Every structure is written in C-alpha cells, then in structure tokens.
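Letters are used for the chains, namely A, B and C, taken in the order the chains are written, and counting of residues starts over at 1 for each.
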Amino acid sequence: MKLLDDDRLLPTEERPRRLARDLYEQVRDLPIISPHGHTDPRWYAEDAAFPDPAQLIVTPDHYVFRMLVSQGVSMADLGVPRADGGPVETDGRKIWRLFAQNYHLFSGTPSRLWLDHSFQEVFGIDRRLNAETADWYYDHISERLSQPEYRPRALFKRFNIEAIATTEAATDDLRWHKMIRDSGWDGRVVTAYRPDNVVDPEMAGFADNIMLMGEQTGFDTATWPGYLDAHRARRAYFKQFGATSSDHGHASARTEDLPQHEAAALFQKALRGECSPAEADAFRGQMLTEMARMSLEDGLVLQIHPGSRRNHSAQVMAMYGRDKGFDIPGRTDYVTALKPLLDAVGMRPDLTVILFTLDETAYSRELAPLAGAYPCLRIGPAWWFYDSPEGMRRYREAVTETAGFYNTAGFNDDTRAFCSIPARHDVARRVDCSFLASLIVSGRLGEDEAPDVACDLAYGLAKRSYKM
Amino acid sequence: MKLLDDDRLLPTEERPRRLARDLYEQVRDLPIISPHGHTDPRWYAEDAAFPDPAQLIVTPDHYVFRMLVSQGVSMADLGVPRADGGPVETDGRKIWRLFAQNYHLFSGTPSRLWLDHSFQEVFGIDRRLNAETADWYYDHISERLSQPEYRPRALFKRFNIEAIATTEAATDDLRWHKMIRDSGWDGRVVTAYRPDNVVDPEMAGFADNIMLMGEQTGFDTATWPGYLDAHRARRAYFKQFGATSSDHGHASARTEDLPQHEAAALFQKALRGECSPAEADAFRGQMLTEMARMSLEDGLVLQIHPGSRRNHSAQVMAMYGRDKGFDIPGRTDYVTALKPLLDAVGMRPDLTVILFTLDETAYSRELAPLAGAYPCLRIGPAWWFYDSPEGMRRYREAVTETAGFYNTAGFNDDTRAFCSIPARHDVARRVDCSFLASLIVSGRLGEDEAPDVACDLAYGLAKRSYKM
Amino acid sequence: MKLLDDDRLLPTEERPRRLARDLYEQVRDLPIISPHGHTDPRWYAEDAAFPDPAQLIVTPDHYVFRMLVSQGVSMADLGVPRADGGPVETDGRKIWRLFAQNYHLFSGTPSRLWLDHSFQEVFGIDRRLNAETADWYYDHISERLSQPEYRPRALFKRFNIEAIATTEAATDDLRWHKMIRDSGWDGRVVTAYRPDNVVDPEMAGFADNIMLMGEQTGFDTATWPGYLDAHRARRAYFKQFGATSSDHGHASARTEDLPQHEAAALFQKALRGECSPAEADAFRGQMLTEMARMSLEDGLVLQIHPGSRRNHSAQVMAMYGRDKGFDIPGRTDYVTALKPLLDAVGMRPDLTVILFTLDETAYSRELAPLAGAYPCLRIGPAWWFYDSPEGMRRYREAVTETAGFYNTAGFNDDTRAFCSIPARHDVARRVDCSFLASLIVSGRLGEDEAPDVACDLAYGLAKRSYKM
C-alpha cells in the first residue's frame, strides 16, 4: 500500500482538482527556499549519520512527543532529557514502540502527514506504523540511516533545497557555519540573527551575554551607543555567514520609539537587572524599533514572531526545561503594539518587516489591513500550530482579500525536524494550488494568471521577501 | 412530504457523501451517552405525561422563545412566567399559534433542525409548521402526549439513551434521583455535582447555602476545612446517585492556587459577604483548583463552562429572572486563567478536566494547544450557540490539527428540551462523519481507520471521558 | 474575452450551482437599495460628467491606492492630494499607467472583482487591464465619460438604484440635497445624520461645530438641554431630505446612560475642551444612548460603526490627512459596551439599532446572541474589509445559526466609488444565493422557502430595516 494519496489535499471535485493538480505539477519540483527554521548547522558541518529512529523522529520533536504526553505518556519514557540530567529512557527501540502504539493519536493532524511523507518518500516505507509494524520500522529506518545517502548533505541535495536558514543567538560563534564554509561544500546554509538573549532583560544571563557581545565586537556594551554598535557588528558578522534576516520571538508585538536618552537609561536599568516587568517589556519593544533602523542600514529583513506564552507548565519547565511543547499561544494585538515602529520607519519601502501570528483572529482584522497599507510590512506564512492544511486554508481565505498575494512572504517550514522539510513544503504547495483552483472556478482569478501566482507562492515570494 | 432530508448535513459531492453515509450508518443507531445536560429528573421519577405542546416545546426552551422575542414578541405572550407571578398567557393553543406564525424566523438555525426532527421522528408529522398548520400540529401533538408511549420513560427507551446525566445544585436533596432508584426502573439517569451556589460569593444565598451544606453533611462549614470536607461529603453523596462529574459555570476560566491560610481568610470574607468583586472572582478560581484536587481523590471529572455574561438585560432579569435567553458570550482567556490549576495538578494523568468555550477563537489558539499538551485536559464539544452544523464543523477544523481526536470529549447535548436529544446527537453524528469523510477524500485519514474514529466520536469518547 | 465569469461566486458542484443560479436569477435584477454609503450628493445635484479615469477610479478610492502604496508606490504619484496643498501628480494618464502596471496586486481581492465588473458592465470593456492595455483603457473610458449616458443621473438609473443614502455631518447645510430636490429629478437620494463632529470631543472643531449647530437651529447649544434640542432639530431637518437613519463611527461600541446632571456636566467639560480621553469616551458613549432615545421619538434608525483605529500612520495623516487607507481594525467588545444603552431602551421593538463590526470574532460570539435576543438590534452586513466573497460567506456562516436571517439588515455597499455599486450588490447577491443553495443541498432549508429569503436578503431586509 501507499501511505500517501497522490491527490492528497487537492480539491475533490473534478474540475477544481484538475486545475489544482495542473498548478501543483508546475510547482512540486521547484527548489525549496527555507528562509526560517531551526535545523542544526552542525548536521551540515559534520555530515555525520543521524542516530537511531527515535532520536531522529521522536525525542527532539515537540510536535510529536507533546501529543503522547497529552495522553499520559511520560516525557522520560520518550527519552526527553531531564534538566537535572536524571535518568530517562535511552533504548531507542523502546521509545519507538511507545510512539508506534500511540500513532493513532496523530489521526487528522499535520504531524501524521509529515511523518507518513517522511516514511514513504525519505525511507521508502509501504506499510502503516502501528504496534505490529513498530519493530519492522525501527529496523528499516536504522538500516537506512547507516547508508551514506541518508547523511545530512545527501538528504539536503535530495530534498532539492536551494537555500536554508538556521537560527543562531546573537552571541553564537557560528562555528558550524564556518566549518560548512571552510569545507567547500556547495549547499547553501545561512544563519539568521536572533538576539533574544541580549535584548530581553528577563532572559537568564542577559547582562553576561551583553558583556560577551562586547568582547566579541570590541565595543563598550556597558553603554547604550556601544551596545547598539555591538549589535551592528554582530549583524555584520552574521551577514558574513549569509544572514539575510534577524528574528525576534517576544511574548507580544509591542514596539517603542523612546527618545534615545530614555532608551539609554532603560538599558542601564536592564543591565543592572532592575527593570520591572513593564520596563523589560518596553525595552524589548524599543529594541524592535532599533533593529528596524539597523535593517535600513544593513538590509537585514526583520522577522517578528510574537504571541507565545512559552514554558506554560512550571512543572515541565522545572523537570525538562524550555521548548518542550508547552508553549501556548495567547491573544496578540498588533495595531497598537506596532504603531511606534511603524510611525518611525513604516513608510520606508526599502525596509522589510515580516509579521507572524499565533492568533488567527489577527489575520483579517489586523495583519492584512496593516500589510495592505504599510510598504515595509509582509505577512509571514501560517505558523506553528497553523502550519497545517486547515491552518493554511484559513490563512489564505482571511488574508488574501485585503492584502492580496504580494504582501505575503511565501512559505517557511520553521522546523527542527529535518526529514519533515519536503513534506511541509509539499503540504503548502498543495494547499496553495487548491486555493488558487478555488479562485479560478469561482471566477476570481484567470486560469492564465494562476501559474505565475502559484510559482510565487511556492518559491518566488520566499526568495524575494527574504532576499535569498 | 418529509420534513427532513435523509442525507441532511452530509457532503453533497458523490464520493464524500457516500463515505460519510457509510460511516453514519455505522454510528446512527449507537446508544446515546448524554453526560451533561439539564433535563428534569422529576420527569423520569414521576413518568407523568408531558403537558401541552407549548409547555413542552416553546415556553421552557430559551433557544426558541428568545428568537421570537428578538423580533418583538413579548415573553408574556409566550407564557414565560414572570418573576413577580404576574399574569402571562396560559392558553397553550394561543402560544403555539404565535410560535407557528413566526416559524420562518428559525430558517437556517439548528433550532429548526431539532424541531423538525422532533416533529417528524418523535411525533410522526409530515407537514411543515406555519400559521395554517398551527392548529393541526397542536391537536396532533396533544393527542400523542396523552398516550403512554409518549411518557418520559417510554421516550427515554425509544431515544436509545444508555445513560443521561442531569445537573443538580450541591445542596439539592436529589429526591427525584432517589425516587428513580427506588422505583426499580432500569433507565440510567445520574446526577452531576454543580456547586455554583456554594462556590460563588456573588450568588444570592451563598452563606445560607453553605450553612445548609453544613447541616446536610455534619461538617462545620463555618470553617475552611469543614467547608472543604462538606464538599467532599456532598460529592460522595452525589456519587451514590451515579455522579461521575462536577460542573462549574463561571464568568471566566480564572483559577487560583493560594496558600491554604489565604484561601481560608478569603472564605471567611466571602461568608461575611465582604468580598470585593475581585476577591469573589479569586475565591471562585481557588475553588476550581480545590475541586480538581478532590477529583484526584474521588475520580469525578471536572467540567469548566466559562464565558457567559449571564442575564445581560437588566429589564428581562427584573421581569422574568434568570436563564431567559439573555446570556451573551464574551471573550475568554484560558492560557493565563488556567495556569494556577495546571501548575498544581495539570500533569496528572489520573485527572480529567473538560474545558468548554463560548469563544470560538480559543479553539485553535488556546484550547487545542493546552489539551494537546497537558495530560489532564480534554476539550468539550461545541457548546450552546455552537451546538450546530457550522459550529461543529468549525470546532473540528480548528481543534483536530493540534489536539487530534483523542483530546476531545465526545458529544454533549446540554439540553433541557427532552425531545431534541435524539436530534442533537444525530446532528453531531452527521457532522462528524462528514468531517471524517472530508479527511478521507483529501488523503488525511485512511478509509479503514475512519470507522473506529466515528464510533469514538459518537459514543466511545463520551463514555470514556466521563467514565459513564 | 469576457472579464467576468457568468457563474462567478456560485458553487462549483452541479446541483448547488443550479440551485444558486436559479435563486440568483430571481434577485439579480431587483432594484438596488443602498441605505448606507458615501457617494457625493453633488454628483446627483450637478449631474456633471465625471473627470478622467484616474480621478474616477484610482485617486479617490482608498481601497485601490492603499494596495499600490503597500507595495512601495507613493501616494503623490497616484495624485492623492497633500494636506499642505503641495505638488502631486496631476496627469491622469500617468496615474492610470501606474495603476495598470500594478493591477496584478489585486488578484484574489474584491477590488479586482469590482473593477472588472465596472470595466465590463459599465464601460463595455473586453480585455484585461495591464501595462500593455493601459492607454487603450484610458482612452476608452475617457471617451465614455464624455457621453451623456455616463453622467451620474444616467448611471443612477442604469444601475437600477431605487434609493440611495449619502452621509452628511450634522452641521452640513445639505445644499446638494436641496438642489436635487429643487431640480425635480425623480432619483431618490436621501441623506443620513452623521453627528461625529458634534458628538466627539476629540474631533477638531468640536466646540465650534456645536456653536454652529446652535446658529442653525436657534437653540442655546451652550447648555445640555439646548444641545440635545439642537440635535432634535437637525435630525428633523435631515428628515426633510429623506434621512431615515443616523450613523456613528466611534473607536469602540461603548455606551453610557449617565444621570442627566452628570451628562450635562460632562458636556460642559467637553465644550471647554477639558475632557480627559476617558471622559471624551464616556461622552461619546452617552450620546449613543441619547441618539437612541431620539430615535424612539423620530423613528431614525441608529447605525453604530465601531472598531476602526483611524489614521494609524502619523506620517500619512500629516502628509495626506484622514481617510487614506490607513484605518486599521482592532478588537471590539459589544457585550459590556452596549449594556447601558440596551438596559435603557434595548427591549423596545419600535427602535432599530444596526450594529456593524470590523472584528469578525464578534459575529458568532456577541452580535448574533445579542441580536438574537434584543428586539431593537439588527446585525449590519459584512463591512469594509469584509465586504467580499469570503467575508460575506463567513458572516452568514457565523451569524445565521444564532440570529437567523431576520435579525440581519440586508446589504450596504458603503462606498464612495460610484461605479462599484452594482458590482458590490451583485457580489452580495451571488454569495447569499450560494449560501442558501448550500443550506438547501444539506437539508437545512426547503427549496420552496429559499426564494423568499433570497429576495429579502437582496432587497426586502435593507428596505424594511432602514425604512427606505
């Protein structure tokens, strides 16, 4: 049997299905532009074989293990490392069996689509995962992972990735990116500038990180101008390793444009660890506007990823640490929050600010009207919980009528699950082609116009918006 | 003519319709599990004939009469009792005529589906209700209601109800449940523990109710530990009458986990009627966490039904009292509100907390991410204004991709309209089978996997989530 | 080629398409009732030829030019007048070319549908607009505009407009409406009472406008009773020119019902320019309730259009002034906000209050439950960014199940783009007929019942709700 229906996610009626399939045929083999993601640059640098199936597919992917946890499986039994280094399951086969016997939990979820796509397309599997096939799967995938064709660089080529961005902290030494460059390998792996650890006064190690940034750049980061110059220097350093964007993951979309002396005073307070929560929030907001101004100097695209209440469970945070699937979205306002930044630089057509959301209500109410007016703004693709067939459909339906296609920024896979990359882009291409087909059959788009739009959604917009 | 299309609510395209119909055939005759609702236990206890058609169908159902009121009909003319006992229409035929001549107002609403289902399936009617057929309807239904087959227990069996829960206040003596048990009738009617009147300091009679709870249990409810013990005792008493759940209808989802001495002090303030609105809110929030802890002791499932701004019209409240169709939903936050409870007991897989919402924006943004992570959480079905074809469709589309099917809790009819129970479950079964068919035809669910899911959505999940 | 598909916006499946088309055939030629809009009464008064194509179609329509601006085109190059009277492009042909070469930006937007409809149906054009056809279009439309059949009154008749409302400030002298009346022309053009400039203490010229209102009416508008009487007199004056409604565009839906002496004191503060923002907001809220009370006296329908954060960009506001496409919606609460007004007059069936929203989340959560209960409330049609196929579909899906059809108020085009009026009504009629067809095929509406509903949605509800 095939795990995947060839016509999956395409319309079911005859005419729209045919139109969508025709469009999809034109974009399915376009190279992948992956301008925002979290794959590990070390993979491409060392090109070592991936470890066992559980370590590749289950343990590092919070999409996968949080679903098992939600039904009572313990993280320790899935091999998720404990913060205190205490014992967790290390037998990959045991972890895999637990995953396999709970595979029905993923029915109807995008994880199921991504996993089946990896199983079929990456590993050539032709039977469904369940308790009975668990060991067969484990053996089969293990065997494949030992082959040179399953090393990261080989998969990178096989996945037809034209360019991929990883995400590194502002103080990262980019050693793996250096190693990739020095290796002479021609795969295009670039970094992105993620300064949360030197921009968020509430993050552990904030002041130390800023001191380190001083050492890295030679600027006196104990002063506001020196701190800003250090950012400029680090951004320039990241650009040497291909960075075309910075990225900012704040709890809200708040921006500020304080007078510089007030910003300087706030910075000093932050350095001393004396900011109230409100002041810390203001400082983060100020830094978004400073980053936008630096973008006008150096051309980096500014990405704002707001709205996640991270590490919601105190118990999980204490036992297992950050990024364990307990990041819960909340309501996010953009209209008031972005005004200071937009008043400062919003009308500049030489600036690109890409807005993401975890609050779908903002699509039609706030993001499309904003991006449909301000020249600097683009709407990022459906993100995280919405990187899914229904999520992407709702995104297009909510955004297009006000912002059109050309105020959107193409697709991001935003993943740390390497084998899911082709699956995710494939889902986006299918959903977008289906949406275009629905516009054609309802007389809202010319059949002759649709192929150009389809190619832009699959490839052109990501490449141009991110200057990749 | 038939009032109902046999294929109503199924997809209209040939292949999905066939798939949905096949699934529906497998679940349509499954017994009804009704784990949350508001039918009157007295009906099952006394098994008396229902009164006239207006008293059965119009006057007690705020879904029905609020629609007529919204177009200018007065409640008094519909026989809705006045709070002061003043005169209202008592002639059932007159009320019925008023209802019949306005029946077009229900076009496109679920009430229309439920009513037509009752007319056709319960009363065997084959013509549409309108001004011309009003009297015929009235006579026909009246005649049927006089027959023994239309008594509550006979209908209970005919409706194929395996188990139904009613909802009683914490201080209720459960006399009707006792009478049902003592009668030896084998219909399974259980109660549910609804302690709003002894948990909400702003509800009239709060302190008196707590004193009554003391008398009922022998605990000194003037003290915080005695008050908690009285809850434990009442919960145990409710369990004797089959209760498997408690239910809480607060304006928000706020929870608290205060130190016990602070909770005790707040309780004393509440008893003295001295709580500020903020303190009353905190006390209600504290009690949700206390109830969750008791659930860990006694196994009752905790249901949270937040978000209704009840009795919105001061004039309607003054003239007709509570529950008169003027309960209006508002925005509801879950992420911040539930954190204290979840930090206290959220990772316990032996606890079940079922979350409902009247704010659909919370489905994909908050409820699915929360239930897709915390082991104790399940998402209740589409509720109240959303217990409808479009509402249920949006619910599945918004919830499934993040939480899957197995973090949802099956269907609730939540009704006081007895004759609508089979109609409501039938609507849910049709909509869910249609959703599954749409997943199959778009390659997101195996045709061989769907029947198990369909049976779980129609029966298994309600039975297991509620331990029915 | 035809620019428009004859079956655009109808369902694509055979049976629903046939049903929708049959319904559409019954409503497509019904006269247009346009009870709320912003066309210029001077057009109908003077009946002069429209200026060049750019001045007709691009420069005055913020839907159109904001999309070009969002992609980096400057407003000055599109001929949008500067606030300081500085130089902007005046060559209509140059502006038109810029528009034409960016026409692909409108793919998937309702503007594209409206524009193509105007091109084909109003101007008889049979080729698509783009850089190559720009000059041909410009010449063709220019030539048509010089013909008498393209004068405003001729188009008014050709568009089959039975009645249209314009919107004038409370202090407007209604000279154009007088001129229309005096001309003896039989086209029905009525005004609507828009008192924002004498109701909003934060609007420039507030006190002066109130003094002017005093001169216009002979009442002492320096006193609260005189101010209210002046409103009564201006409303009566507007009624002489056909007004059937008042209209209120506030940032929120806040209402107040203060004791009259407090309202009077607040008014005095407002007159002196001493209101805090909170007090100004309270005053606007009080005036909504006062307007509702006057509506009970004089029968004007009260329209509330809340939720736009107007003139979001400080730079655009400074350079180009108000209404330049930078009005961004925000979250809007209705449940708490409307309670004072509803407690005062909400149960009166002789009052009509029509609620609009730019926050779609309010449809099912707040507006439908409110309008499905209070006799005075009706839900206005999908507005502004939602006056679109997807927007209208979501509106019907979200509103109908709770409020039915008869608590909605028919369609408004709300436009200042004259040539788009038939297009907008046509879109609404197609979308509504498609929605009704979907109800029929899913067994939720009788095929025999649908035509009456379709006619009410296209014509009857607008006429009756607005007393047109």
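Rule of thumb we're sticking to: a residue touches a chain if its C-beta (ideal position, glycine included) is under 8 Å from a C-beta of that chain, and two chains touch if they have at least 3 such contacts.
Each chain and its UniProt protein: A, B, C = Uronate isomerase.
All of these numbers come straight from a predicted model, not from anything done at the bench.
Homomeric contact chain B (Uronate isomerase)/chain C (Uronate isomerase) is classed as different-residue, with under half of its interface positions used by both copies.
Superposition angle, chain A (Uronate isomerase) onto chain B (Uronate isomerase), using Cα atoms only: 120 degrees, a multiple of 5 between 0 and 180. Averaging Cα coordinates per chain places chain B (Uronate isomerase) and chain C (Uronate isomerase) 40 Å apart. Counting partner chains per residue, chain C (Uronate isomerase) has residues 13, 331, 361 touching two or more of them.
The residues of chain C (Uronate isomerase) lying in touch with chain B (Uronate isomerase) in their complex are 13, 15-16, 331, 333, 335-336, 339, 342-343, 346-347, 349, 361, 364-366, 368-375, 377, 397-398, 400-407, 439, 441-446, 449, 453. Those residues of chain A (Uronate isomerase) that touch chain B (Uronate isomerase) in the shared complex are 4-5, 7-10, 12-13, 66-67, 69-72, 104-110, 112-113, 128, 309, 312-316, 325-331, 358-361, 385-386, 388-391, 394.
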